[in-house]
Every structure is written in structure tokens, then in C-alpha cells.
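Just below sit the structures, each encoded as C-alpha cells.
Shared chain: subunit A. Partners: subunit B in the first complex, subunit C in the second.
After this line comes the complex of A and B, so read on.
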């Protein structure tokens, strides 16, 4: 396997739970993946292992053939579900903070996106609506120039218009050398931007494949397939 | 454009483009948006749109000029063939639907002419 992100026999155990159970999967560059499954299926754990926040119990993760280390961290941009932004900061301060923290952060690009998606840089985070915070988080993650983008529930708590704006942002960020992995409960809204989908169940890969092929094969949408798989 | 997620999306985009060509919304020889631009416009995955262009090129409905872009065919015969094929499909659906509710071919023709 020589894809951008190769995961082999990955297992992550906590004292009373197996969060990831012998997961083997490859993520190819130039694709947008939907990582799906109910709460507790292992999606966030998988992302946290890739970004190095959790150490795997066993198994291998290779990024461009390099095993996970402090060196591979720079290849991954992670957007967690929670709102992690300092409430008292103004948006422009957050942008400055990111640009100080990450050498690969593209400030001009970030400013452009924020303007396009109507996030006022003079506003304090505490004053932003959930829709604007959602857009801001995604914009920050996508403004880093890395190879792997992990977005954990980017549409959570976000209104319909902001959701469309976020998906447009992801579509526009497409790059043949990068890979995007998006976890989402809102399957019906996200499925049209996905190349491939991965369904996790109890820490295992239940199903994965090309979205269009799955539609053809099963004669139904990814959302309906999801309902079948998890019912 | 709204998409039905229950069937392959690329097929729906191809269908829409064929309609636009047949109705003249897209003129013969007209330059199309790049796959990238079109994917942004439709809010779709880039690879889906790239596939649409590739399939339509294989069917000779569009052609690519290296470095210049992708263009609609200039052949009016080809466009007529597309129109004919679309009409055939619509007709098949119509006939099947009407037969299902008990119309004969003769009935159908009379009904249309009314």
C-alpha cells in the first residue's frame, strides 16, 4: 500500500473499551472521504490518532510512507468538533495566533475566505453565532497548507446556509495532492461532495467504497445505505 | 441544480448537459466551464465532474483542446442523435406508463392528438 495515508491493523484500546479494532484502510490523495458512523463508532478516535493526540495500542499509520511522529504532525490539519477558540479573542487575533503557530498557515488566503463567508474579523469569538463559528473553524483548518485535512463534524450546530457555505469551501479547497477526511452525521447533505465513504461500526470498518459505485450497486443514496447498515 | 442522491450523480449531470445542448442553451462549439469551475458552480466533488467530462468526451459529445479547454461538439448531426436518444427514452417511459394503465398504441396516438 503506498497511498498518502496508510492505516494497517490499527487498534486503540482504553481500559474498558476498544475504540478502534484492527482497522486497515488507505486514503488516496486527490479525494474527499466521508467518515461515517454513530457516536462511539471510532471516528474521532481515528482522527486523533492520525493527528497524534492519541497513541495507538497497536498497528501502523503511515503518512507518505513515514510512521507517525512529531515530524508527520505538520502534514495534518485537524478541526475538532468542539469550539476550541478563545472566546475573548477577535477573529483577526485568532488568525494571527494560527499564523504564529503554524508555518504552513496562509493568512492572506484565510482573510479572503473569511471575507467571502461573511465572518467579520473585528468580532470577538464570544459574539459570533454558531454558524459563524462553524465557518471560522473550517476556514482556519483549510487555510493551513498541508496534505491531510481532518474535519470532525464540520456541520454540527450550524444553520442551513452556513452548511452550504462550508461545503462550498471544502469543494473549492479540493487539490489533487491533498486528502480530505470529513466525519458527519448529516449524510444526506454531505454525500454529494464525497468521493468515497467509510462506515465505522464499533471501531471496525463496516463498509467502504466509491460513493458513486455504492449508489449504483445498492440502488440507493449513501444516506439510505447508512440506514441499512446501522439499523 | 438539485440532485437525487439515490442514483449516481455523474449520470444526472450528464443528463442535464445533454438537455442544455439539445435545447440550445449550450451552443455547438461553445467552450464549457473547466471541471474545476463547474464543480464549484454545482457544489459537487471535482472528480464527479471530471468523470462527467471524460464520459461525454468518450461519447464524442464534447472534445478537449489541450491548453484551451473543453468544448461542445460542433456536429449538428451528433446533437440530433442526442436529441433522438433522449426522445426515445422519454417515449419508452411514456409508452410503458400508458400501457400499465391500459392504453393501446392506438389509444395513445388518439390521446396525443386530442
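After this line comes the complex of A and C, so read on.
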């Protein structure tokens, strides 16, 4: 089986607003996906349903062939876009927390990454800049050895140099048994590493497919295609 | 489960430290300013202040996990909803036991201090004699009664904590898309309490008066007392189990953080 994540007729409503509208899509292992769309298109909601932080209104999600439950959380490493880390903890305490809570977490690897991207483990989370928090969140998510990685705006608030470092980390973490799903507004920065893209518009899949095929089919880069879809 | 409890305590260790230092400081201040009366006043006010702080703290601990983004730290892990609610309950009970022990330590330290500074001869024989007085029931109750009292307090405190946690859980699952969350949680809390007292009164009206405990407490044994209280205790335990199962299910299947 190639699909690690299979989503069928997924709908999520808040009050009267439809955040996800009958979404059907599969994510295959060995690929890096770009989840594209402007604010409010449903990217974050989709990720939160997959990790189980939000309950879908209807539809099915299969993760590694298992229906969504607390058990499937062990297959998913999620990096939320918000700062969700305990503010009173030092970075090294957060690493220890992950190590205690996730059996697949690689502490040594996390320490190595944090050193590489210049995050001081003695710093308290409340004292970190938004850029450093962004780097820390990416390092934590990628230090888990699991199947599905959901990175929600991993380049948000991060300086240009650090963006390259983060993109390198994602590529370094890639292997043919895993799937990476990256949502980002910064299409030009992420485009170079994407195998496939999914364009969400008003909670629906507007366009999806292999990045290279879409470039050839439409005769333009993914960034320009993004502008075309959302203009 | 142990790890969830461990990190709940790590998260609040600073608060615990601050309260401990403040309590020691206030105790010293009370003794220096008002001598023995000050110490007694402190020992009288300390449990009232601690109960209020405790209630605020345990509700905030659970509410923050469900209402703030930091709750993702817990809910992204692969712990079942049942394990989460039971862990939170154990943390709250352990915290209550720690406060009770702290209070006993304060009583002991103050007693030693008074005995040495006021010239009381507090010897071991007198302490043993005092315990014997309690045990013999001459004060109208014995250690068995104390045990029944503590058991009843534990059962009802557990019920109270679970009612608060269930209210917050219902609000963040079934009513997650409703506005005015705090007020709604409180309304649910009141409704659950009303349902609980309604079932208690119904149960008591159905059950025949099978055990009479009116009269002097000294003439009723602890066993008789526990038999008399048994229906209400069992009802409270059943309610607690139902709330645990209900909250666990909602945390697992219906949560919207």
C-alpha cells in the first residue's frame, strides 16, 4: 500500500461556516506535499483533523490503514502554526518532555538540530523570539521518527537564512517510507522541494497533482499557478 | 499516565514554591506579632485559603489544557481520553493530599514551638494519652469515625472535581461551537450538581429508613455509620465512574481544541 493518509468526503463545519467541504484526497509515502491556499482556505483545519485536535463533522480519515483515533497520533508528527509550547519550560525541558511523551522521539538528533540552527537549550520558551520558537517547533516535529509529518507554516516568522536551514532539515529528514505535508504562504521558498501540491480554496480541493506535471501542463511555476488559482 | 501527572506537577512547581514560602512567612509574621493567638489564627485561616486556592488551581489546570494552545502539548500525544481524565483526577487528589500533609506539618511545627516557648511540657506520654482518649471514644468519636469522615470527604471531593472537569469537557466537545464558554461551563456544572442532588434525594426517598443514626455519635460505631452512609457513597461513586467514562469518551471522540 502506497497511501499513508487517505481522506474521504471530509467535511468540517464551525457554526454555519464550512471550513472543509467534502474533501477527498490521498497522500502517498515517499513524497513531500505542499498544501497551498490563502488564509481561511482550510489548511490548518485539515491538519488539526488529521492529528485529532479537531473532530470532523463527517467523512473518513485513514492513517496507515487505521481509522482516526488516539492510536493514530503515534503515526503523525504535527507542528502547529501557533506557539503551543509550555512558556515556563526551558528548551531542554521541552526536549525532555517530547522524549518522555513520544517513544519515537530522538533526543540526540533534536539536540544536534537545535545546535545547528542556533537555538540555546538553556533559554526559557517565554524568552525566545518568534523566529527561534519557529525553529524549535520544526526541530521538535522532525526529531520524531514517524510516518507522517504535518508542518503548518514552518517558515513563518523565520529569517531568510534560517528558512534555508529549515528546508534543508526537511529534505534531510525525508525518506521513502514517510510523507511530508507542508502548508506555506511562501510558495517560492517551498516550491523547490515539493513533489506534489494540493490547492485548497474555500475548504475544497481546487487543484492537486504532481508538481512537475502541473508545471508542464500549465506552463508556469507553482508560484505563478498559485497566483492564477487564487486571483 | 504517570508522565502526565509528573508534568502537571512540574508545570505548577513554581506556584507550589511561592505558596509554601508565603505560608511560612505569614506563619512567622503571625507568631511574631500576636504570639500564640497569631499562630492559632494562622492555623484557622490557612485551610480556608488553601481550599480556595486549590479549587482555582485544579480547575485552571484542566481548563488551560482544553482552552489554551498549550493543551496541544498533551492532546497531540497518543494518550486515550480516559487516561487523560484519570491522570488529571489523580493529580488533583495528590495535590489535595499534599496540602493536607502540609497543614499537618504546620500544626506540628506550631505545637512544638508553643510547647518550647510557652513552657508547656509536651511529652510523648501525654500525646499517647490524648490519642487513647480519641480511640476510646470518650470525646464522642473515635478513629473509625475519622476514617469514615475522610473516606466520605474523598468520595465527595472526587465527585466535585469530576463534575467540574466534565462541565469543561462537555463545553469543549458537544458545545465547542457555542460562544460564552466560561459561562456555559458554569451552567453545565450547576446542571450536573442539580442532577446529582436530585438523584440523591430520589434514592433516599425510595430506600426505606433502614438504619437510624440519629442520636449521640459516640453510641454509633464506625461500621454502623458507614452502613448508614453507604447508599449516598455508592451513588456518588457511580456518578464519578459515569463522569469519568463520559469525559474520557468526549475527550477521545468529540473534542475540538
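Following the convention adopted for this analysis, the second predicted complex is superposed on the first by the 229 of 231 C-alpha atoms of A that agree within 3 Å, B and C clash if a C-alpha of one lies under 4 Å from a C-alpha of the other, contacts with A are read in each partner's own complex, and residues count from 1 in each chain.
Rule of thumb we're sticking to: a contact is a pair of C-beta atoms (placed from the backbone, for glycine too) under 8 Å apart; a residue touches a chain by one contact, two chains touch by 3 or more.
Remember, it's a predicted structure, so these values are computed and weren't measured experimentally.
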**OP:** Would you sort A:191 into first (subunit B), second (subunit C), both or neither based on which partner it touches?
**Re:** first
**OP:** Return first, second, both or neither, reflecting whether A:24 touches subunit B, subunit C, both chains, or no partner chain.
**Re:** neither
**OP:** Identify the partner contact of A:99: answer first if only subunit B is touched, second if only subunit C is, both if each is, neither if none is.
**Re:** neither
Original post:
Regarding the shared-chain residue A:156, is it in contact with subunit B (first), subunit C (second), both, or neither?
Top reply: neither
Original post:
Touching A:168, do we find subunit B (first), subunit C (second), both, or neither?
Top reply: first
Original post:
Regarding the shared-chain residue A:11, is it in contact with subunit B (first), subunit C (second), both, or neither?
Top reply: neither
**OP:** Scan A:55 for contacts with subunit B and subunit C and give back first, second, both or neither.
**Re:** second
Original post:
Common interface residues of subunit A with subunit B and subunit C?
Top reply: none
Subject >> Sites on subunit C touched by subunit A in the complex >> reply: 3, 6-7, 10-11, 14, 69-73, 75-81, 173, 177, 252-257
Subject >> Footprint of subunit C on subunit A - complex, ascending >> reply: 14-15, 48, 51-55, 69-74, 78, 80, 82-88, 93, 97, 100-102
Original post:
Given the complex with subunit B, which residues does subunit A contribute to the contact?
Top reply: 30-32, 164, 167-168, 171-172, 174, 188, 191-195, 211-212, 215-216, 219-224
Original post:
Any idea which subunit B residues touch subunit A in the complex?
Top reply: 3-10, 36, 39-40, 43-48, 51
